[in-house]
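Quick heads-up: structures coming right below.
The following pair of complexes shares a single chain, chain A, combined with chain B in the former and chain C in the latter.
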Partner chain A sequence: MPRALRRFGWTIAVYALFALLMVTTVVIKPNYGSFEWNTLTLAALPLAFAAAAQTMVVLSGGIDLSIGPLMALANVLALKAMLGHDLNYSLGVALIVLLEVTLAGALNGAIIVITRVPDIVITLATSFIWAGLALLVLAKPTPGIPLDFQNLAQGSTYSLWVPNALLLLLVIPVVWIPLRRSRAGLAIYAVGSDRNAAFRSGVNLGLTRVLAYAVGGFFAACGGLALSMTTGVGSPLAGTYYTLSAVSAIVLGGVSLAGGRGGMLGPVAAAYILSLIPAVLIYLGIDPNYGQMIQGVLIVLVVMIGGLGAVLRRA
Partner chain B sequence: MAAVPNDTPIADSAALLEGSGLVKHFGPVVALRSADLRVRGGEIHALMGANGAGKSTLVKILTGALTADGGTITLGGRQRSFRSTAEARRAGLICVYQDPSLVPDLTVLQNLKLTATPISIFKRYLVELGLEGFDLQSLPRELARPTLSLLDLARALAFEPQLLLLDEITASLPADLTVRVFNVARHWRAEGRSVIFISHRLAEVSALCDRATVLRDGKTVGVVEPAQGGEERIVKLMLGPVADLVAAEAASPSAPATGAVAVEVRNLKAGTLNDVTFSLRFGEVLGVAALEGQGQQELFDCLAGVRRPESGQIVVGGKARSFRHPADAIRAGLVLIPADRLQALLRQRSVRENIALPLVNRVSRWGLINPRAEKRRVEKAVKRLQIDTRVQSEVRRLSGGNQQKVGIARWLVGGFQTLLCFDPTRGIDIGTKRQIYALVKELAANGSAVLLFTSELPEIQLACNRVIVLFGGKLVDEMPASEADEKALLRAAHGLPSEEEGE
Partner chain C sequence: MSTRAVTVIRLVQQRSIVVLIALLVALAGLIEVIRPGAVNANWVSNILEFAAPLGILAAGQTLVVITGGIDLSVANVATAAAYIMASQAPYGVTRSIVLGLLVGVAVGLVNGVGVAVFRVQPLIMTLAMGLVVTGSLNVYSQAAIRSVPGVPAVIHTLGSGTVLGYVPVSLFLWALLAVILIVGLRGTGFGRLLYAVGDNLEATRLAGVRGWQVLLANYAACGFLSAVAGLVLSGTVNAADLSLATILLLPSVAAVVIGGTSIFGGSGSYAGTIVGALILTVLNSVLTLLDVNDAVKQVLYGAIIVVLAAAYTRVLGHD
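So, the complex of A and B:
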């Protein structure tokens, strides 16, 4: 097998699966058009950012159970500050929210590195803290995100088939590609792959891990703002769904939960797959609540097939 | 041994690196008491010591992976204290470890970038190490271990350090690659740079090194020139007062035993292993001699129930058995001591729990464990094997030799008939090694059967009554231990007929 295929085989397979699902959708619903496509991109946008956030942390060998609450925090902070203001003011607010939630992510990392308490425990604890903060900022779901700000994600400025929600995903490569090519990005992979080897290679383990959590926080903030744009509402509980769905997306997207292996392309496609499933069920006239079950079965199947592939390669 | 003579003058003006009075504690455990090390420019200097003597700690302090609690390090006349490996690297001190430190999921090229390695120089050393045309896009995860060691070495060399530390690098290298590493080390010395070489293999040390510093119990106990008959002195220094005792134990080889058959292997086939038949008797230590990968792993795996044979029989106590799980083998009295000690141990649990693990079935009543009975039997085993229990709360903190003793102790407590030892002394110092062999012989003398594979051929005569030799998966020779000197074993292990037959 050529090396590129072996190394990127999983990502290619995830995109093939997405393409297959799209074809199936069009067969089921022959009048599938740009509106449905637009709806899908809107639904997938927050999840794609959540998956990017979790990917950052998992690549460095950690896990962040507070991604959902971080998104909710960004979401309610944005609503509170934007309410009744214009686009320029809202963009300023968005920048500040990005900064704040990035710092919250970095704080997650710093606590883990300093206390040496396992990441799963710390981020579980901070998930309650961020969720509580979000409730303090905004006690109940409140509409009021400025329409101009919503329109950054809604609608299609350039072409009906290139909705704004798809274009917003470009934030991910803009951050990821330079990072991935830098020494800091290599260090994140190194720390996740083999901490001892990374240490002996002169990598600053603590700083690298904090950086991974901080970039994770940044993507979580993007996810929270995406929620604001796509729903127009600030909701303190909106993030709950995203923590574990992000884990599903990265597993489906070929990121090793053991750390050090995977990329960003796979998880983003996986976010689209996971968002497409409930839509397909609706088109089929099946209760969309089966979606979660299908999602579960899909993950087990995909990981099993992946494991089988690895075994066959070795034999 | 009273006073320890020092072969070199105290004032050494040509010292490139000088560590003196280095101290390191880990909680209540003292890893280094007072370690001194002087390395001259242009020499290959060996660092020797039994397991737990403090070698690794000293290396970690020198390379900035740990900071000393006391003592000084001077490099090129300037006092230094490194806070990270990167800092030590910049000062010209680099260590290549036994387990290669390339990140498995980054390509080799990315690994080089991570350490900011000068790539053209790296490529030059690749050629010198015999890896010309190596593809830098390969992933270390997919490479063989000896290749990784050489890459790691080339990466270290690319920084052209003043002082190169080789920590047991030859342990995972085949003989031809070891020669390449030695050539590079000599070339390094010829350029006026220095090498610190750490190895358990005395023969390597005396072939390569100019001087050797010996550590015992965290203290420097002597500096020796190994070439001029210094080997015996090194052993004595390493072992300290127990040296003479150990020498007495390494007596003449035992005669073949005549007990009843414990295990009979008939026409066994599994993987490389091809149609092997032999029997193991109670009261004997049967050695298995073989080069790497001649089927010995499969043989032990089948006997221990780790793997199912493709065909053939394993007869225990007159009955043909088919082991589906290690528990079946253990029930039939066959227990395995693997080379990788941590494979068999619960590394984060205590010495007591590890020893008591297979015992659980016997001391429990109605499913509950009787702690007093457990404690009594475990303590007996700990005493008998002289396990160092200073850090008994987690076995991963014990030295390799002590871990292996814990692995054996659990079966002493649990009870067994046949002990399967697969290279049990890999990476263990001479003193503990000989203790383990003495124990194995004693177990056989008390009526157990022992099957022992060791990768170090000279050790066969120390421990065994009889030897079988595997080559290409077949049993090619069998001899009593009295004939099994290194030369005879080497010939047989390479598939050559013995000298008499050849004529």
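So, the complex of A and C:
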């Protein structure tokens, strides 16, 4: 039991924090209902996918600072192709967009592996490229995502308390659980925790890292499509907020930036926490501008407590 | 490979800054080819004026990267310093400038405490502090009644004035800071400690160095330099809005990397960063001259940084 606690301790703490925040919210706003819950799931959906994308890359020992622009690219590609079409056509478009942006993610990884330039430098540079391409596809924010496609996320098909935006998160475990259990998934953790050891155990370093970036690209594409569904708009600058917020979410979610440690459960809960904070401020009647400040302070406190724990253990 | 080729490669490895300067000259030549007569004293003056804020911002970044860190809050700090300076200017210009600079030092100190004492990864610490700074600034701007504050005359002169017709005033400040940094990094104990800490923190600790003090001072210095860059930039564009320096965050890292400072810490120089900042500014000028739209410009900018970084890593064998 202690072993499970040590392994999942952080994740449990994150869910406890989320539960605590939810209870606080309900206390502050006694008429909190399915509508507010639906709003929260819609706000958290793109961030949860962005966090999943960053988790993939960070687990393999890298970091992707181009996730926001990748999401924007998926978002504008979807708008451009879906404009004025029906649901079936839109779903076809969504598949193609997923494929395209997955390839873009893989390209990030391939450039890093081939040039041997540090991840942070390459993805900083490619973030310009993806953002520029997004602007080329669509110069300014344009509405027009088909309503049926929007309803995939905006409605509540099964129950008011299980909105579609919550169900769409199932894409993450559907991709992640088989991957986690496969050789490739193990290789990603191995490369992330000790590159030399992984190499000597016969892991193909280059291929594994490209795979991590590709799956990251896939989740970023999901995030971009989620933006299309939740906002109904194609916006070339929509992704800006998500690159750094995704890093915040994974740190809060217990993924080690050094690589090789963490999972998907924590970051998703962290995405909900980060999306809940601005809502709580509004319920409290506080200027939502405090939201960014509180997010920052929360992250500083969390990582400082984590860091302090590590320092004390060493001493 | 012939002996001559080997000699050339060795020369390039030892004097990488020569290659960078050659690249800079080549880019200027390219502009002259595209638009004959474009490269004149006026052009050089403009390039220096626009490179100065980036160069000063990248100075702080260089210090942090040498110690093996990265500071993602430099642009937020620069913006905050400029905005607070401009909005406080009606109550005394000197006081407002000091306040702006203090903002930088204060944020730098908090970054330093997080990184040096609590051992938080620099990326996360500075990212979160960037959020805190921008969030606080938004709240402050809501509280302050005036909309976009004006920039005081002295800052405007500092950022966009010229001496003798061509020499930008900001160049004097930049040159002064550059001399202090280059001499300081090479010739003082503190400077050499930065390299040592960046190379191997544990080894410096065993050698009796209080690494946390070095890092703390270093992040404070970076915050200070970011604030200076913010003030200069607000003078150059003659405005201080809430997204003033945002576009300079990525170039500040790119200038350091192109300038040959290893992102893993322990090696590099500010001289390289200066050339890196100039290359990026000239590159921007080339792309502007090509008269392509902003989207294509961004794509080319990103692609060229990838190519430069890749060529650099290959030639110099950094790994």
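We adopt the following convention: the second predicted complex is superposed on the first by the 305 of 315 C-alpha atoms of A that agree within 3 Å, B and C clash if a C-alpha of one lies under 4 Å from a C-alpha of the other, contacts with A are read in each partner's own complex, and residues count from 1 in each chain.
The definition used in the following text is that contacts are C-beta pairs under 8 Å (C-beta built on N, C-alpha and C of every residue); 3 or more make two chains touch, one makes a residue touch a chain.
Since the model is a prediction, treat every value here as computed from it, not as a measurement.
In the superposition on chain A, A:Ala52 contacts neither chain B nor chain C. Once the two complexes are overlaid on the shared chain, A:Arg3 sits against chain B while remaining clear of chain C. Once the two complexes are laid over each other on the shared chain, residue contacts for A:Val101 go to neither chain B nor chain C.
Once the two complexes are laid over each other on the shared chain, residue contacts for A:Leu308 go to chain C alone; chain B is not touched.
Of the two partner chains, chain B is the only one touched by A:Arg183; chain C is not. Set side by side, chain B and chain C differ in how many residues of chain A they touch, and the one touching more is C. Judged by the touch definition given at the top, the superposed model places A:Gly296 against chain C, while chain B stays out of reach.
Judged by the touch definition given at the top, the superposed model places A:Arg261 against chain B, while chain C stays out of reach.
In the overlay built on the shared chain, the residue A:Thr115 is in contact with chain C alone; chain B does not reach it. In the superposition on the C-alpha atoms of chain A, no part of chain A is touched by chain B in one complex and by chain C in the other.
Listing the residues of chain C that touch chain A in their complex gives 70, 72, 114, 118-121, 123-125, 127-136, 138-139, 142, 250, 253-254, 257, 263-264, 294-303, 305-306, 309-310, 312-314, 319. Chain A meets chain C in the complex at residues 63, 111, 114-118, 120-122, 124-129, 131-136, 139, 244, 247-248, 251, 257-258, 287, 289-297, 299-300, 303-304, 306-308, 310-311. Chain contact summary for the complex, chain A toward chain B: residues 3, 7, 183, 186-187, 189-190, 192-194, 196-204, 260-261.
By the touch criterion stated above, chain B contacts chain A in their complex at residues 65, 84-86, 89, 95, 97, 100-106, 110-111, 113-116, 137, 139.
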